[in-house]
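Two complexes follow with subunit A in common, the first pairing it with subunit B and the second with subunit C.
So, the complex of A and B:
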């Protein structure tokens, strides 16, 4: 039992340190899982099977998975900013923590404990879970009930901080499409320039089947700069011939038409 | 096998009429969550206010129904102690909560609505936030959170074992962490304050939990009475008790805002919506000092000698930090926060003195301070400029000429905080200091008097600023509040004067205030 304690305790402390010092959040989470499992083993050694199982189910199972879910949502690769917002706090904090550690070890190192709690519980209730039930529903009934207030507060708080209501009913796809047609603008995607013209350049308007120019097909900034290249009127016939299937495009000449 | 055993577990006897105030407040909180879920948005706010005020009034009647001179006792297998002190504190907490609820319900002084963000989930400064504000929405969940917090405060000072104490601490604090971060104006400051409060609060409750575990190792029980018994019985493993006791004290001293565990106080008081600051400064202080007094008088009195050096140091540092750093503040809310730290230091004298007179004095002090502080913060919420509250001290210059009534009322509160005769602050201070002097704490009393004098300087400075300085030109106006805030300020001002002029009825009430051991 003593050997098991030292192995598990060392692993638990290693996990805790690893959690603090590892730079990647996922590693931290896994180190916490290591610590939790080792604590569960320690509880099992101390004849508390129920606590041990709950530790694994709740902490290693549920809480750690929640952490990992959150990490996945945030993005596994995103790392914390390691810049110190308070300058020079590291050394005093380290000194203070070590002083506290030394004081605790000094004061608590010579404690001798006897394991009597469980014996008493087993005499009174014949078993771990029965004893727990006995305590929760008698002596600590009020604390147990008061915890429900805590849970409601937590749920309410999570809602308040994260649940965003909509000031107006959000538009559905149908509403959006109705709006698009009602606005009177071109409802679909714009025709691309150069289609049916002799050229494919962006600054040459597409020609409609009757040979007129579709100015809408030229990007607005170009139109605003007056950089539209108009095709010569002669090509109109050519296009119509193209349409009738009597001609084929043979060359990609780029003669510029004066406006 | 187990069916026979379950029969062995006898259900604990529950004294429902003793628990009535707590059950009513927590029941009201649950109802208020249901209102939140099922009421239409337009009438939700008024329904919540009506529900909260009714709950608090009924809970107060339930407190009055507990007869202090009748045989009181522990309930639910010693986990709660109903005695004179707890009845007094519960009544005081509910009254502070009533005044606090009046302040929280105020929605006239800010043209945009009440003191809380229209929707705290909307990002500060976002279009969403603007849309919600324009529609005049209210975050009505604050009322449920508020009632849960009051419920926790009612449990905290009557908890008779460390486990219940811890749960009560969390029930009290968790809603406050949320409420602090929900201010309508200066939202980033408010959110930062909430985060700071939450992180430091979690840290301090971890200390308290560790301390409780160590004490359990020493006493084999977390019940306060058993701890006292174990302390007088055995000296084995006394280090466990010493370290555990100190850790528990750290958790409690954090909540009362004693130095060096006070760092959260100025930031949180400044960042929180002023109505919440007012409620916190009164309710949390009363509940936390109630718990501190109970733990110290009932469980740790056997450890008083070992802890005296620590407590003396903490009391002296708290008084000096509260007053000296308070002098340097230029923000009125931060100044009042440091004043509350200084008051925590003065109240620690009553904790250290450990006598019936000191207990009475402390309880009276708490009653006086709770109302004075509620009133002072209520006045702070009225002095505004275009961007919200005008908290900078410079903006208060010349206020006495423009709004003599409000300036005079604020002067009254400041004088009470300074402890000038004919106010409740003087009587409370006198009672605590006298009790401490009788118990041979003369050096502490000297420090306390010097600290009071320094504190008097910065209270008087604000009075001089208001009445004898010309306005700096900033457009600051005192807003005419709705009935609720006006009532709150009137009640607190009247209580401050009445407790200062005729304190005897309260001391008579306190003659039954003893801790059940």
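So, the complex of A and C:
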């Protein structure tokens, strides 16, 4: 027991010092977790098994996890700048805190405590957890109920504080669709350039069903350079003839003669 | 088992936590230091419970843990909301109320 105390005490103090002096907040959080676990062992040495388990579950489990979670949200690399913002604040702070420590140690070192043991407390109960439950639900019942109110308030408060209000109503799919047509842009994909029996190139515009050219089918850079090649008028007539349902042979044959 | 040693350890941890609160400037680390001080107080409660041979101190330590958990939840959400508006977790930057 004595050896366990000294090991755990040394590790707890090491963790606390590491928390204060480590530059990165994540390292601080891990050092705090180390201290918490050692405190749990110390509670076990002090015959408080329930608190020992609660310490591990609540502190190293829930609280430190929450700390790490917030650290990840806030940004892990945001390490403290070590310059003092208030000039000469650090030395008085250290002096004051060590004075506090000296006073506490001086006061508490002088008290004499006798280890009575829990026999008296466990008379009516069956062990530590039973005794704790007995006290919580009888003598400390009001505090326990107030605690439940506190926890609910804290949960609601956290939700209210971190809730992000939308500045305006978010757009629905219907609104997006209306906007897309209202702007006057082509709503779908543009027609592809002409693909014909003898022409298959991006610089030749496609023909619309009535035989006119669809200029948007040619890529804009080509149109800007004036590099649009027009399909010959014969082909246009062919298209119109095809549209009317007539057989088309003539212009193809003449083209072939020209070539 | 020397119970005084536990009390001295508690005093040391409390002082280290106070140093952390005074010296560090990252709000989250300051918060961890506050947690350290609460834990030091808890250790003192549990030690005194053993010294008095009554379980009341352990019940108080239990309540301290509950309150600390609630405090962590609210405090961290305050830090997150400050970070959202000011893009920093440094306690020197949150100076809107400064005259």
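Operating definition for what follows: the second predicted complex is superposed on the first by the 172 of 259 C-alpha atoms of A that agree within 3 Å, B and C clash if a C-alpha of one lies under 4 Å from a C-alpha of the other, contacts with A are read in each partner's own complex, and residues count from 1 in each chain.
What we mean here is this: a contact is a pair of C-beta atoms (placed from the backbone, for glycine too) under 8 Å apart; a residue touches a chain by one contact, two chains touch by 3 or more.
For clarity, every value in this text was computed on a predicted model and none was experimentally measured.
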| item | value |
| --- | --- |
| First (subunit B), second (subunit C), both or neither touched by A:143 | both |
| Which superposed partner A:227 touches (first subunit B, second subunit C, both, neither) | neither |
| Partner chain in contact with A:74 - subunit B first, subunit C second, else both or neither | second |
| Touched partner set for A:111, first subunit B, second subunit C, both or neither | both |
| Partner contacting more residues of subunit A (subunit B vs subunit C) | C |
| First (subunit B), second (subunit C), both or neither touched by A:65 | neither |
| Contacts of A:157 with subunit B and subunit C, given as first, second, both or neither | both |
| Which superposed partner A:216 touches (first subunit B, second subunit C, both, neither) | neither |
| Partner chain in contact with A:190 - subunit B first, subunit C second, else both or neither | neither |
| Subunit A positions touched by subunit B in one structure and by subunit C in the second | 104, 108, 111-113, 116-117, 139-140, 143, 147, 150, 153-154, 157, 161-162, 164 |
| Residues of subunit A defined as touching subunit B within the complex | 103-104, 107-108, 110-113, 116-117, 125-127, 130, 133-134, 137-143, 146-147, 149-150, 152-154, 156-157, 159-165, 167-168 |
| Subunit A-touching residues of subunit B, taken from the complex the two chains share | 1-2, 5-6, 8-12, 14, 26, 29-30, 33, 76-80, 119-122, 128, 131-132, 135, 137, 139, 141, 144-145, 148, 151-152, 155, 161, 163-164, 167-168, 170-171, 174-175, 177-178, 181-182, 214, 217, 220, 236-237, 239-240, 242-243 |
| Touch list for subunit A against partner subunit C, complex | 1-2, 5, 9, 12-13, 16-17, 19-20, 25, 28-29, 32, 35-36, 39, 42-43, 45-48, 50-51, 54-55, 58-59, 62-63, 66-67, 70-71, 73-75, 78, 80-81, 85, 89-90, 93-94, 96-98, 100-101, 104-105, 108-109, 111-121, 128, 131-132, 135-136, 139-140, 143, 147, 150-151, 153-155, 157-158, 161-162, 164 |
| Sites on subunit C touched by subunit A in the complex | 1-20, 22-26, 28-29, 31-33, 35-36, 39, 42-43, 46-56, 58-59, 61-63, 65-74, 76-81, 83-84, 88-90, 92 |
